[in-house]
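Given below, in the form of structure tokens, are the structures.
Note that subunit A is present in both complexes that follow, paired respectively with subunit B and with subunit C.
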Partner chain A sequence: MEITRRNFIQLLAGGAAGIHITPVPWKMMDDIAIWTQNWPWVPVPERGRFDHERSVCSLCPGGCGIEVRKVADRAVKIEGREDFPVNNGGICPLGAGGLQLLYDETIRFTSPMKRVGPRGEGRFLPVSWSEAVGTLAERIQALRKDNRPEALAAVDGSRPGTASEGLVKRLLQAVGSPNCYSMPSIQNTYQTANLLMQGNAGPMAYDIENADFVLSFGCALIEGWGAPARVIGAWGRWREDSKAKGPKVVQVESRASNTASKSDAWIAARPGTEAALALGMAHVMISENLVDRSFLFNYTHGYEDWIDEEERPRKGFKTMVLESYSPDKVAGITGVAADRIIALAREFGKAGAPLALYGKGKGNLNGSLLECMAVQALNALKGGVNTPGGAVVQQGLPLAPWPDVETDPVARQGLYGGRLGTAGDSRLPFAESSIENMVEAVMQGGGASPVDTLLVFGANPVFTLPDGGAFRKALTRIPLIVSFSPYRDETAAMADLILPDHTALEKREEIVWPTGLQYPFLGLSKPVVRPVYDTRHMGDTVIAVAKKVGGPVADAFPWRRFEDALKARLKGLAEARGLTSWDGSKPVWKTFAEGRPVSPDYDSFDDLWKKLDSGGFWYEPTHDFHDLSTCFGTPSGKFEFACGRLEQAVKEAARGGDAKTLLHRMGIEARGDDAYMPHYETVLSADAGGDTLVLVPYEMFNHSTDWLPNPPFLTKTIFDNQLRRDESFAEVNPETAAGHHLKEGDRILIQSDAGEVKVRVHLFEGAMPGHIYLPLGFGHTAYGVYQKDKGVNAAKLVAGKKDPLTGRTVWWATSVRVKKT
Partner chain B sequence: MSAKQGKHKYGMVINLDKCTGCGTCTVACAAENNLSVIKDETDKQRTISWMQLFKVTNGKPFPDTEVSYFPRPCMHCHYHTPCVSVCPPTATEIDYNTGIVSQIYTRCIGCRYCQAACPYQARYFNWWDGHFPKGTERYLSPEVSVRMRGVVEKCSFCHHRLMRAKTQAYAEGRRELKDGEYITACTEACPAGAIAFGDLNDPNSEVAGLSKHPHAFRLLERLGTEPKVYYISSKDWVRRMADNYRPDEFQPL
Partner chain C sequence: MENQSNASEKNSKGGSREWSELLNSTFLPPFSLKGWLFFLAGLVPALIAGWVIFPMVLYSSQEQPFNFSHVIHADPDIGIGGDTELETCLYCHYFRDDGTFAGIPDLYACTMCHDDPEYPMGDSEDEMIFLEQYVAEDKEVPWLVYSRQPDCVYFSHIAHVKMGEMDCTTCHGDFGQSEKPPAYKQNRLSGYSIDIWGRNIAGFKTDTWDRMKMSDCAECHTEMGHEENNACFVCHK
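Let's look at the complex of A and B:
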């Protein structure tokens, strides 16, 4: 047939009409849709035998019991254990999302690695374990040969009191380096405060459940402080609709956080002025006689004016507070109205078992020592020290010590004279180790870095240290960086050698005394799955390195594996009177307050180990509350408002010279006797006002802000006015925003002395006027697509004073300027 | 207005006074039900979260501001269930013997009519195949099917946990479940114990008691869909958030 214009159009029209009648194309489209839906990239979970493993979560110091559901040896779900005294079935978002930290290959090191690309880029090639361990051991041998063992340094994020921490310290000691730095955490603050006021560096033990008035100075009580599931569990019980109502909870914080909102009352004090508020309350309590006079008279030192050994009259806490912290004056410092302070003090003073808690957010970072002491002074005024419902004086777990390290002359020389920076010396007598000072020492001078080899364990200081990026700069000057991180984090990206540790669910690890818990507790995790990749327990690696170094370093490690070293420590528990099971009939905090003695449910160490392995915990549910005359280890043998140890340290350091200059270098501006008592020091160097705002970084419970990566599941809980696409949001009070001509969603530049970041504005009435709030935990430059370049890291803006006495960073208030972009 | 009465009527009561807004329910749900993670989970128009957390504030100026949270699962509406009534291929159904509104992925044609009908925005559409970062397919649970592109999904009240509890009970020679034997993953995980779950038909169950609490309410109750998720809050401003009230219409207790 001839193709004409007419029949061509007819064909097209007929086709167009016909295609609507025949079902073929529709059927085909449907079939294609179904067919593509079944393409094999939708995974089909493998079936198999169901199993349950009981263990303990070691992602945070909270020590929650977990039960891991397994199918065909794959871990498929983490749930809270109901037979566990700490969390009693509850769990936290990080714990619940923990499997993404185990199986996500994109964020993990799958074997030992060495760096191939430039530092920070994160390109690595696999090496064998023997090569990796050999490289490090040879380097250490060389340093010792050169007589400079102190050039080996370590940054250790392991939690205080664990065998892992002990092994790292031991390695450095045996090699001959005093330069072992722990990551800042609230536990350091607690221990130092306890050392100064109670005379022992034991853990802070708050008997929250038995208190009838809880006053929290900055603790993110329901957002991850302490042992999160313990506190939130108690919170839930307090809000139970029954006659047995819980304590009144008052939160002191500058922002309407969840804790502040859900508390019975919220006191909005300016960040960094909490100590003044506590002392202002003390003023009211003392002048209205709402104090426990019998406790103050019998068991404290330095409350009333006193006469020292040299017969000089000294000012007491009472006089200092009455002189310097009147409610009106404190109102001016804190921004809390005087009548509010008076009412709060009266409520606290009249309560039966009031408890003042000190904290800074979740407690992943350091707190302020003087604030902590001022808050503890409130407890002492009410006699709430070592009483049920108060702050309990605890000595730490009865762990057995390891044999002493036999050092050789090289090591002794390094240990004696090789200390970097000034931590532990006259300027910072109560800072056991201060990373800030290591960074300073590395950056000083034009010559070679005093640190040759840096080991990093369980920490990501490049990201988490609120130091305005100083640590990362210091790393560029260190010749060899060895990371033991299982994760491809920012610090590991700077490392030359990776000796990856197991992740939480693959390893044996203890939880030594969950933060803030009132009774002695040890949790022991066990590997619930076989190691997914070619990783090794960091304790095993440390032992292997020491063996390879040989000589006295190898001799310092008389164990084959980490587990042997751990068992040697836990032997101490076998001699104590603890329990390894909990029947759930009565919460431990109840039996704890009753104080009835228990008989241990194990008869030998082997028995204890077996029970620890299957149950995962050990605890002592009783406490002797009657030993107030013996429990304080201070120079006076009493609870000290005037801290003898502090005065002694300053006197020794000044060596007869001027204590004033020395105190100034420690960061203390108070003069005379005030300097040795809990008092208030200003946080911000320049008065905020005018164009500047005060930046307050805040931690979130539903996002990992620590060294661990964030499981992507948790991002589902983040609101899009906190993080949207790649942009962080800063919370600003609408009134402040109006003053700066800012609207919701505006893009701004926040500038501090340390740097600048671009964020967007979220107007929030709960933000304190004149302040700007930025969430921590965003702004990674490492890991995979779920975290890299998402938002900004508030820690990089922190630039401020150092906390008096401890030298740690004051990260809770930084002056910043804000510019619209 | 009355809905069909079946044997059981599973429901949930969430105490907002206890709820701390921590998000554990959301994460536990995602882990239990093989939820996928998209590349940008901050894109709240694309992310899937069966148990979604909503933050509300009382709007008062500083320092009287307060925040609170609404965890929002599927409400499993018992009367004239909006999604069930519109679904063309009967991919979503309500079982009056349990009260659970189900979603059958293989039947779903992806028309998203249910999504439009749902007053609670509890339904999510898979624009793409579920994504699991490399290696994480290993934690997927065989109890819950992984969804493919082009289907709608939502909270199932952890239906597979009902099956699991029933199997256990049958193995022990029982035909009836005890209160608390079947609970959802969010209920189990909540560290504050803010979520209660059980049979609303059983007068002795915890939820039956709590749902009659004077502070108990439901979201958009006046639509008459009889949601089986109750909330409790002692705060007027929080209860007021539950519905669209005209000025002066809300009656504080």
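Let's look at the complex of A and C:
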């Protein structure tokens, strides 16, 4: 039989037809799809036991409860906890991406190290823990022997009020140095504003959930401000059900951020003029009698004109506002039309429980004190202080104090006379510390640096400080830099000695009062995995160093390790009437206003500790709203529009001399009584207009802008018009761009007095004309391949004025010039 | 010869014309009978390859490290039992305090009874293998797991057994009554057990436990009125 070509094709056709009526193609399709999931380079956890560990996220001060899923002891997933009152199941992008900050060896220090290459290059060799601790302890001993303990300084990024912060301060105090500098954050601004107006440096506690009109001055409400999952949760409730009428939300911000875009109204005031806007609103509310007269009459001081102890007539807040902040005048300052100011003020004034929130972006950097006070004044005008839906007056957590430090003569001498800069003295009476001043002191003069040894804890000031690179320059003059960072960040790259801390998931850490939360809350994280590398808890290292230094320094630390020191503080909570569990049936913000004291769900400290360890939180779900006559700790015992403490401090510092000059040095140009009240001071470094633009850096929710490295997962969420390949984009209003002959995608050079960066232009109608917006958190020169050399660091460009009274950098308004390249 | 063959060819051609016409009157291709023979010569081996040889090639077959009898173990007389079938299973395949499922017992669980490698509890060879090679060496038994799903599948036993009140047999069949574990057949390509796709190569099933692909999960969710659980993120998270 002859087989033709046709027959052969027929054979093949038969085969092909046959195979299709077998399972082969369908089964293979399925199997091949699964096969592609199992390629050896696709990361899959080892097989093993599944566990869930409940803990608290300590990556930001938000204090969200997290549940970590583990497979064979490796953490594989972070989720929000639903049995946790703050976030109730929610979690932010950084929290969810936190695993990449744990296992990425390229961004972490795997053991104690000493520098071998030039500073900044990041070349290190491992050393033993005993050698590392010994080196630092010997240095401190030597400084004390030379009678200059104050040459030990610390920059501490630990959050205010935590045991970690306390241990750093204690080490410095015991050694004899007053030079302990905290990293700026919005918490400092809140505390100082509360101190001046309410008389206690308690946390800012906004009862957002119960407000019916929310006026946010710059808070990135749905982009990471406060406890992010809490605020987003509240926002979601307002929006999810059209019948449950949520509050009207108004965002004051110069750029159309996501928060501004999704608010009911967006008011674009020029950056740095928000205080004037608040005072302009106050003008309308006062003149139209939309204020709570009973609260103002009974519980405030300095609203009406008043007579002081020396029988002199003094100007009140009302007179100042009516004289100086008419809507027309404020419209000129802020760029917001007068009729909008009037309409906004009427709406705020007529609302039942309006709440004015103060913030700047996520709150990782400092805010403006006077602006914060002006916003708080709005709340006071409506009686929204210590009321449900208002700003609640809180005293801080009832933690037990540690025993006092017994200092020796060497330490006392250092503490008394060794302060660098002027924080805490006459020029900055309300700044506990000013890192900016330390930098100035180190750079001054040609001689040796007054700082011999600098310790850096939980901070990356070389990158995050918006100081135009001044901190980095100062580091080059400091002989010994010791970093406790777990990460290979820019500051650690400058260090000589690394004593690496654990990262968040490996560590016991407190969250003392999540930013902005209305009720007392303490979160306690626990190690959910064993330390991946040879790192040690920074608290344990501090105690080890102190013990090694010996003498009174060792005696100041009567604890074996960090956990003992922590427990000593938490004993205070056992005395208070709090709870350590939440059944989820009723949100705390609902029970909060009821005011009935609860009976604690623990009967001793040991019981409390056990419950804290397993549940991770303690809180007081109720608050007494009725103690308006006793809750203010101001000199007058009332809420103060005219801040007695401020006036007292200025008077003492001037010592009978000219208060005017002193106020000028504090950055206050207002004259007379205005100076001691919330008022507006211009902060712009130079007049905008002409060729110059105003640079406004901004923080992003889906990108780490703090000292923590950015998890690569989040880099994937960045838009092409924010970062493309390695180039950052600056947002410019199309109108402004046309004036500068700029098109979308053009490459430009932005120059300020501090430095210059190359970026590309993105035309954005949500950018205020005359301004240029750059995202923060890019432009790293350290960490790993996923963080390094991506975009530019906007903080490098910041140059200009200091915020009045606090001396902190005004980072939200820098004059810059723009050149096409 | 030539003529004859020509004739017979002609003849066969003539005889096949009707067939061809019949075939060509349908949608089938216009093949001659010879063409159809070649077509079948391709088709039949392909069918055999696809239905018979393919499954044999696709799956490897492995025996468990040693024989384990569920029948012997699930005997109330030796102390493993419960009021219900579920409780009997839970005796060894238990839920941990945190609600996670222990799955196949680890060595520690087995040694609750088989605590001394020197003293077997029965007289089987398999128990000796277990005691000598695993208990004495303190080594986990590398059981081959018939029900292992890909890593991207999140499955919670407690949600199904406690909340859904499902029996073990709904998914695992009568495995608990087995004298000897069946051979473990691994898909050479995907790496998973044959029991996921099902022992029927065509994917047909008669019982609920015959296969356990995503569509089977979804089918049951829908039947039980939990269609919302067919959302992607319920299992793939």
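As a working rule, the second predicted complex is superposed on the first by the 774 of 821 C-alpha atoms of A that agree within 3 Å, B and C clash if a C-alpha of one lies under 4 Å from a C-alpha of the other, contacts with A are read in each partner's own complex, and residues count from 1 in each chain.
What we mean here is this: a residue touches a chain if its C-beta (ideal position, glycine included) is under 8 Å from a C-beta of that chain, and two chains touch if they have at least 3 such contacts.
As the structure is a computational prediction, the values presented were derived from the model and not from experiment.
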| item | value |
| --- | --- |
| Touching partner for A:Thr715 - first (subunit B), second (subunit C), both, neither | first |
| Which superposed partner A:Val175 touches (first subunit B, second subunit C, both, neither) | neither |
| Touching partner for A:Ser261 - first (subunit B), second (subunit C), both, neither | first |
| Subunit B versus subunit C as contact partner of A:Val44, first or second or both or neither | both |
| Which superposed partner A:Ala493 touches (first subunit B, second subunit C, both, neither) | neither |
| Touching partner for A:His52 - first (subunit B), second (subunit C), both, neither | second |
| Touched partner set for A:Phe701, first subunit B, second subunit C, both or neither | first |
| Winner by number of subunit A residues touched, once subunit B and subunit C are compared | B |
| Subunit A positions touched by subunit B in one structure and by subunit C in the second | 37-38, 44-45, 77 |
| Interface residues, subunit B side, partner subunit A - complex | 15, 17-18, 20-24, 26-28, 30-32, 34-35, 37, 39-44, 47-49, 52-53, 55, 57, 59-63, 65-69, 129-130, 132-142, 146-151, 185, 188-194, 213, 215, 232 |
| Residues of subunit A touching subunit C in the complex | 1, 3, 6-8, 10-19, 21-24, 26-28, 30-32, 34-35, 37-38, 44-45, 49-52, 77 |
| Subunit A contact footprint on subunit C (complex, rising order) | 29, 31, 34-36, 38-47, 49-51, 54, 58, 98, 100, 150-152, 187, 189-192, 197, 201-203, 237 |
| In the complex with subunit B, residue positions of subunit A that touch it | 33, 36-39, 41-48, 69, 71, 74-80, 87, 89-93, 96-97, 99-100, 102-108, 222-223, 228-229, 232-233, 235-237, 239-241, 256-259, 261-262, 266, 268, 532, 701-702, 711-720, 723-725, 733, 735, 764-769, 784-786, 790 |
